[in-house]
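Each chain gets a letter, A, B, C, D, E, F, G and H, in the order it is written, and its residues are counted from 1.
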Amino acid sequence: MTVLEIVDILKHRFGADLVGSVVEGTHPHVVVRAEKLVSVCEFLRDDEKLRFDLLRCVSGVDWMGKNLIEVSYDLISIRFGHALAVKVILDRAKPQVETVSGIWQAANWHEREAFDLVGVQFVGHTDLVRILMPEDWVGHPLRKDYQDPVEYHGLKVKP
Amino acid sequence: MIETILFYIFAMIMVVSGLAILVSTNIVRMAYWLIGMLLAVAGIYFLLGAYFLGVVQIIVYVGGVAVLVVFGVMLTSRQLASQLLPRAWEVVWLICVTGIFLAGLVRMILKGPWAGNVKQSPQTVAEIGRSLLGNFIGPFELASVLLLVVLLGAAYLARPRVPTLGIKK
Amino acid sequence: MALIEGIFEPGLAVTSVDWVLNWARKRSIFPMTFGIACCAIEMMAAGASRFDLDRFGAGAFRATPRQSDLMIVAGTVTFKMADRIRRLWEQMAEPRYVMAMGACSISGGPYHLHGYHVVKGVDLVIPVDVYVPGCPPRPEALIEGLIRLQEKIGTHTIAKTRDNFGLKKKL
Amino acid sequence: MKEIEIHAQPDLLHEGEIASDIRTEELLVNMGPQHPSTHGVLRVVLVTDGELILKATPHIGYLHRCAEKIAENVSYRQYTPYTDRMDYLAAMNNNLGFALAVEKMGGIEVPERAQYLRVIFAELNRIASHLVAVGSYGLDMGAFTPFLYCFREREWIVDLFESVCGARLTYSYITIGGVREDIPEGFVSQCKEFLDFFEPKIREYNDLLSYNHIFINRTGNVGVCPADMAIGYGLTGPCLRGSGVKWDLRKNTPYCKYDEFDFDVPVGDGRFGAVGDCWDRYFVRVMEMTQSVRIVRQALERLSDGPVSAKVPRMLKLPAGEIYFEVENPRGQLGFYIVSEGGNSPYRLKVRGPSFCNLSVLEGLAKNCLLADIAAMIGSLDVVMGEVDR
Amino acid sequence: MTESGRFLIGILLFAAAGVALGLGALLFGKLVRPRNPGGMKDEIYECGEPTVGPAWVQFDLRFYVVALLFVVFDVEIAMLYPWAVIYKSLVAQGIGVAAFWEMMFFFGLIVLGFLYLWRFGYLDWVRATGDEET
Amino acid sequence: MQTFERPKIEYTGISKTIAEIAVVVAKIAGPILRRLAWFVFFGVIIFGCAFVWAVGRFVNPLVPWIVRDIIVVAGGLGFVSLVAMVGIWGERKVSGHIQSRLGPMRTGGWHGWLQSLADGLKFVQKEDLIPASADQPLFRLAPYIALVPVICAYVVIPFGASWVFRDRDVSLLFVLAMLGIEVLGVILGGWASNSKWSLYGAMREACQLVSYEIPMGLSLLVPVMAVGSISLVQMGKAQSGGWFNWLMFQNPFLFFAFFTYYIASLASCKRAPFDLPEGESELVAGFHTEYSGFRFVMFFFAEYAAMFAVSAIATIVFLGGWNSPVGDATSGPLWFVAKGMFLVWVQMWIRWTLPRIRIDQVMHACVKYLLPFTMILFVGSSVWQLYGSQFIFYTRFILGGLGLVMVGLFLAGAGYGYVNRGRLVGRLARKHLPGA
Amino acid sequence: MQYFKNIYQAVRTIAAGLRVTLPYHFARTVVVQYPEVEPVLQKRYRGFHAYQIERCIACEACAKACPANCITVAKTGPRKMDKGRDIAVGGAMTEYRINHSTCLLCGLCTEVCPTECLKMGSIHDNSCYRREDLVTDYVQLAKEGRRTILPIWLTKVNLAGWAVKARDYWRNLDSDKRELMMKADDADYCKKLAEAGE
Amino acid sequence: MIGLTHYLVLSAILMVLGLAIIISKRNAIAILIGVEFILNAANLNFIAFSRHGIGGISGQTAGIFVIVLAAAEAAVALAIFLNFYHQISSIDIDRGNQLKG
């Protein structure tokens, strides 16, 4: 199934909740409203014709200039072999989105990582703690305005 | 001469082990003191020329029972280790009772007319075997019944009852 | 500090004792099984058939710090790991040696500039005896580092190295 | 004589996790970060009841090397060496993934010879990586010798790599636009010599390890990961194929001329237990080595003369936009998500490490198993911590 | 000096030699080994993490049952040795069959018990699921 | 670049002379010794043999028996240490060669033969750590409990018909008993460490050793029945005359009993594939995780001494002990040591080939396979004792032939390796240089 | 039945395993006895750099290309190539440091060098006891008449006879590349060039 | 010279020690240890008598039976004890659960 068809199905199903979509280029994706993410994802996974069963990646991007944080979920369907990305755009000051770890278990760690490095809050996540950085680290390193702490446990952070 | 020294060495080990168990509060250490005692007893058996018994003592007691006891100790939780030291009045009472008992026993032994004080040459395993199959054939077979009962009973009593955690085969 | 250390004046007997003790220390360096990152693969390769650290008596990798003499810090030390490395090093029995293998453990290496989570050199955490640069160092380089360590061990002496006023003596 | 103090037990019971009528006490054991069978600096916290594992929680991040942040600060070309260091056992494949993603975004055409060379080295590196995986799996099972045999054969591959690009581990050979240098003289015949030597050795590993009764008993039926669980956890690569799912990007979305080659995608068949057990995952790797040998042979045949690299400006600038691109690494699908604003370094680069996803299944697998099975499971997932933590 | 005394002396001499080996090396080592306590050195090792609680907890029961079983077998074997020693001579005397059946009774009962345990799963180290308290 | 140079020390007076002499001697003797390392190595062995012979010839008649005993004890301890040291060095060499590498090469010149000595001396110098929260006295005690009984086991092991320190009619059981005590040391060490890995190791060890004692004892009953004695000397004497007289080839049950015994002995020595108590990849170092310095060496020492002890029993009980396979002319301790060492070598060979078994499978293998099997062997053998003596000729013929076939297969494998020595490892194969 | 099959399987597979390992006991090993014989370096090995000061124009392209920022270049004035003599003329090089403690030996710096004066050498070992020693100032080296650091194992004395032979063999092998690093034989030449600009 | 009386006295001491342990300790395993003391004391007598010409070889054979008995007793006693202990602790655990509500 081509991306166009998939987007059509989604448009048909969700209408205005689909904020935007890109079907051409190197990264075809749809943008959905943050509140609707879970239902869109559930639909994508369960629909007979779509069956996006594998969540490949969850990546957060910090657009400091636009004051936004973008989270993109890359999906692929092992059954049918087609791929699509779903994006949500969040407010940078309060980046909150519902978790999809109930839909794909793979999201569990990906979301923890996005929380750890970009600072996206995933509401409803069972275990939203830092995964890569130490628990007592300050700040989210992949934010564009991140400042290194001076010291960590008595060791200088900057060279 | 050498025997005398050895005898006293082993006797010392036994008594010290016993006393150490009495005053110890750590149950693992108690178990190891018990092992010391058992080894000393095995030594005395050797001294008496009862090699087979000595060896069986080590195999069964030290290799078996003691391991069992150590296991038992480790399997029980720490809280049991409390209440191991007797209270003061108990100590007094204990010393009195056991002292009197010991005195009585020793007096009896010393007075007793012990006929045989002749030393025999050490007995061989074959002799033990013959007596097992001869005079003692009844107990020998009975022992197997006993062991059977123990095997089943103990296994039943101490069967693991960890539910639903096994690996599905 | 050993009991007999720093008591005797240097002399023939002392140097012979030194020689024997150092001979043993040198010939039997048990490294700790402690690979952190890419360098660990080269460390394994050095221990494997082609290069065979065991030829130097240093092939018996022990997993527990208690029995190992040498900690080869083979890889990137992060802040999360630093405390653990410190603890492991402290739990090693003396005499213990540390070898910093690879650019990362020497100075943070490739992650020196922008690595917000990388300790800029393991010598900030624990004292290092030998640095082996490279990214990763070849197994031969690791062997060379080991030989350098042996040389260093060979200079250890139990003789008095301070005079009666507690000043360091020139030997 | 100092007597032991009786410590009060900390309350280790996790409510609702453990049936209340288990009478033995739980031990909380740290396995790792320094542990021989955690393959690097993984830490697994085990809740055990005697030899039984009730729960195993992996903790990662001990090797977080900030690769994504660094990407925002260096140019595309300069980033290639950093991709080496993610999955350091398969640096060629990592280079390939990054190069392909950048080329696809920048619309760079790669010459044919370079494409075949890329395939050759990616597959050779797959063999090398699987050798380490197979060997160290033997090590986890307590067999030391197969490990060294595997390393011995790997040395030969490493020699081949070194003769081509001059490094033993961090190759940076596959660069944006092609490969760095042409292969030296005599490489093709040496490579063929190696392949001829290597193929029969696989049977030796099978005799020594794969079909060993003890090994089968240790790994068969242990850590069974059914297909739906594998897909749900986002497993890819041999771990997914071990669960019986025939999914390989080289076949399903071919890149780099993989569609020209004739090879099979081995999947786990549950020969010694259930489909998706540790043995299946392990044996998929062994079978993949054979397939890789096949691919390399074909690629060597097709190698034609020509340039090995396209002209790429030194300070490469990518157009604004984004890409998500995946390649089939020895450990699974390695994805690069690159967001560019048109500068000469990415605005944001996110790496999807296959090991990262593969490892997350451990918590699901390691329930009610024995202590020794943990080592078997971690080994069969074959994680590389450099990629898990990046 | 009796035979048994000499035997014991022999054992004790070897034991003393063993103790001397360990003690001697440790005492000699005291001279040349460094002692540098402090810090985290005296903590328990647990893969570089601080430990949680002591290891002295009540341990898994499975071990115990096995040990129990084998103590019984230990005794059994101890009693079979004297029999085995005289068996050959008994066979030579022609009363081997009787001796054989005497042993078989003794041994057979235990084997029966063993088979019973096997049949009802007491020998399974990890027992099958869901048999909690029949 | 900073380098470490040994500080130069000025010698004066008498020590100067001594130093000069020492330097001269070292200069002359060093190269010669290095060249002669091979000869020195075997020279030591030959000297050891001569020494033992001299002891037998001249020391035995010494009247004050205690003097004689002490000399023998020194010799015995020396032998045990030698066995342990050669064992540890040999383990590294054997594992090396199995794995296409060399193992220790440098320490002591010829093939690193002094490696174990260096290791031992190194461990003497290691700091002696006792964790603060361990049970200190028991922690100190444990290595002795592990080591001493194993050494005591050598009291009754005969190296030749009259080469035994003390022989009593229970010597076989005595060795078993001594090996059984070792468990207690290991449990104690593991428990007293207060480390979780140690505790796991200790529990596994206890479980495994206690249970494997049973098949071991049962399979040893079979030869005891056949000989009618528990004395090792008696058993050895019963097998003189040639390889077909060895007990292993007397009847089929004995033949299999050898293998069951050997498997059980592997388990009771904690050798792979039964090395769970110290299984590195699961429990960091098992029960001796917390031990450092010489205390750890004692555990190690005990393991290797026990390895030889069980092999020695296998040799005496099944493989004819000190009797040579052809005739009685060359029978003697050398045969005994050679056979024992061969069995130790086989243990190493097995160790470096097989993966490790899981604990439930260890118990499973013991209870469900080994134990019933040895039970059958025991009963079968007693039946054979009653009715089988007329087949003795055929059994010797068939089983002896089987034995020869096994030796032949072994030699064929070795020969195959030697003939293809350059080809087996491919183009990377290299000849090795001496002493490096 | 399964029971006996298990036994058979176990015995058979264990024997198969033992059969594999037995021949290796007696086969050759693959050990490279390194400090005595040559290391197994391939021709293209990327080791620590070799630097020809006489051709460096101090353009700092290498420093910019380095992802780890480990090259520092300093000069007293601009330098440029003199095509005829094939050496650089102009201001003197005062410093050309490569910090080998952070260098990742990626070779990016050599790719960009316009005069090809910076090469990846074939030195693999540079171990030392102090971190500072890892910063190599190639200008200093050039003053000593060297283009790269001396490998440690070649500076060893007291090698056995055959090891010396092996070493000499290695030295002569592939001498065109070796020339770069062993230019020490021609110390005056280099020294002159190092001071040429001053 | 060590005679029969020495052994008898030693065995008496052993027995009294065992008795004292049984009386003073309130831990089941400690009591078991005490019982082992007493059994060993008895066994010592058997062997001593046998060696000194009273009862001949029977003493040793009886000694074996005592050891058998002791092992059996230890096995059963520990099994019972463990069983008992687990009953108790399970009750405790239940109570704890009730308290938590």
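Everything below uses one rule, namely that a contact is a pair of C-beta atoms (placed from the backbone, for glycine too) under 8 Å apart; a residue touches a chain by one contact, two chains touch by 3 or more.
Worth saying up front: this structure is predicted, and the values here are computed from it rather than measured.
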Please name the chain that ends up farthest from chain H once chain centres are defined by their CA atoms averaged. G
Please tell me whether C-D or B-E has the greater number of C-beta pairs in contact. B-E
CA centre of chain B versus CA centre of chain H: separation in Å? 6
Approximate Å spacing (C-alpha centroids) for the pair chain A, chain D: 24
From the C-alpha centre of chain A to that of chain F, how far is it in Å? 61
Multi-chain contacts only, two chains or more: what residues does chain G have there? 6, 14, 17, 19-21, 29-33, 35, 40-41, 67, 104-106, 128-130, 133
Please output the residue numbers of chain F that touch at least 2 other chains, ranges allowed. 3-4, 96, 98-102, 105, 120, 124-129, 135, 137, 168, 173, 191, 196-197, 203, 206, 210, 213, 230, 280, 284, 289-290, 293, 352-354, 359-360, 425, 428, 436
Of all residues in chain H, which are in touch with two or more distinct other chains? 64, 67-68, 71-72, 74-75, 78-79, 82, 86, 89
List the residues on chain F that touch chain D in their complex, please. 95, 98-101, 135-137, 196-197, 200, 203-204, 272-273, 275-276, 279-284, 352-361, 425-428
Which residues of chain C touch chain G in their complex? 49-52, 55, 103, 106-110, 112-113, 121, 123, 128-135, 137-141, 143-145, 147-148, 152
Counting only contacts in the complex, chain C reaches chain F at residues 2, 10-12, 15, 20-21, 23-25, 27-28, 33, 48-50, 52, 54-57, 59-60, 62-64, 66-67, 69, 91, 93-95, 151-152, 154-155, 157, 171
In the complex, the residues of chain D that touch chain C are 33-36, 40-41, 61-66, 69-70, 73-74, 81-82, 84-85, 88-89, 132, 147-149, 151-152, 154-155, 158, 168-170, 385-386
Please give the residue numbers of chain B that touch chain E in the complex, ascending. 1-3, 6, 43, 46-49, 51-52, 56, 59-60, 63-65, 67-68, 71-72, 74-78, 122, 125-126, 128-130, 132-133, 137, 140-141, 143-145, 147-148, 150-152, 154-156, 158-169
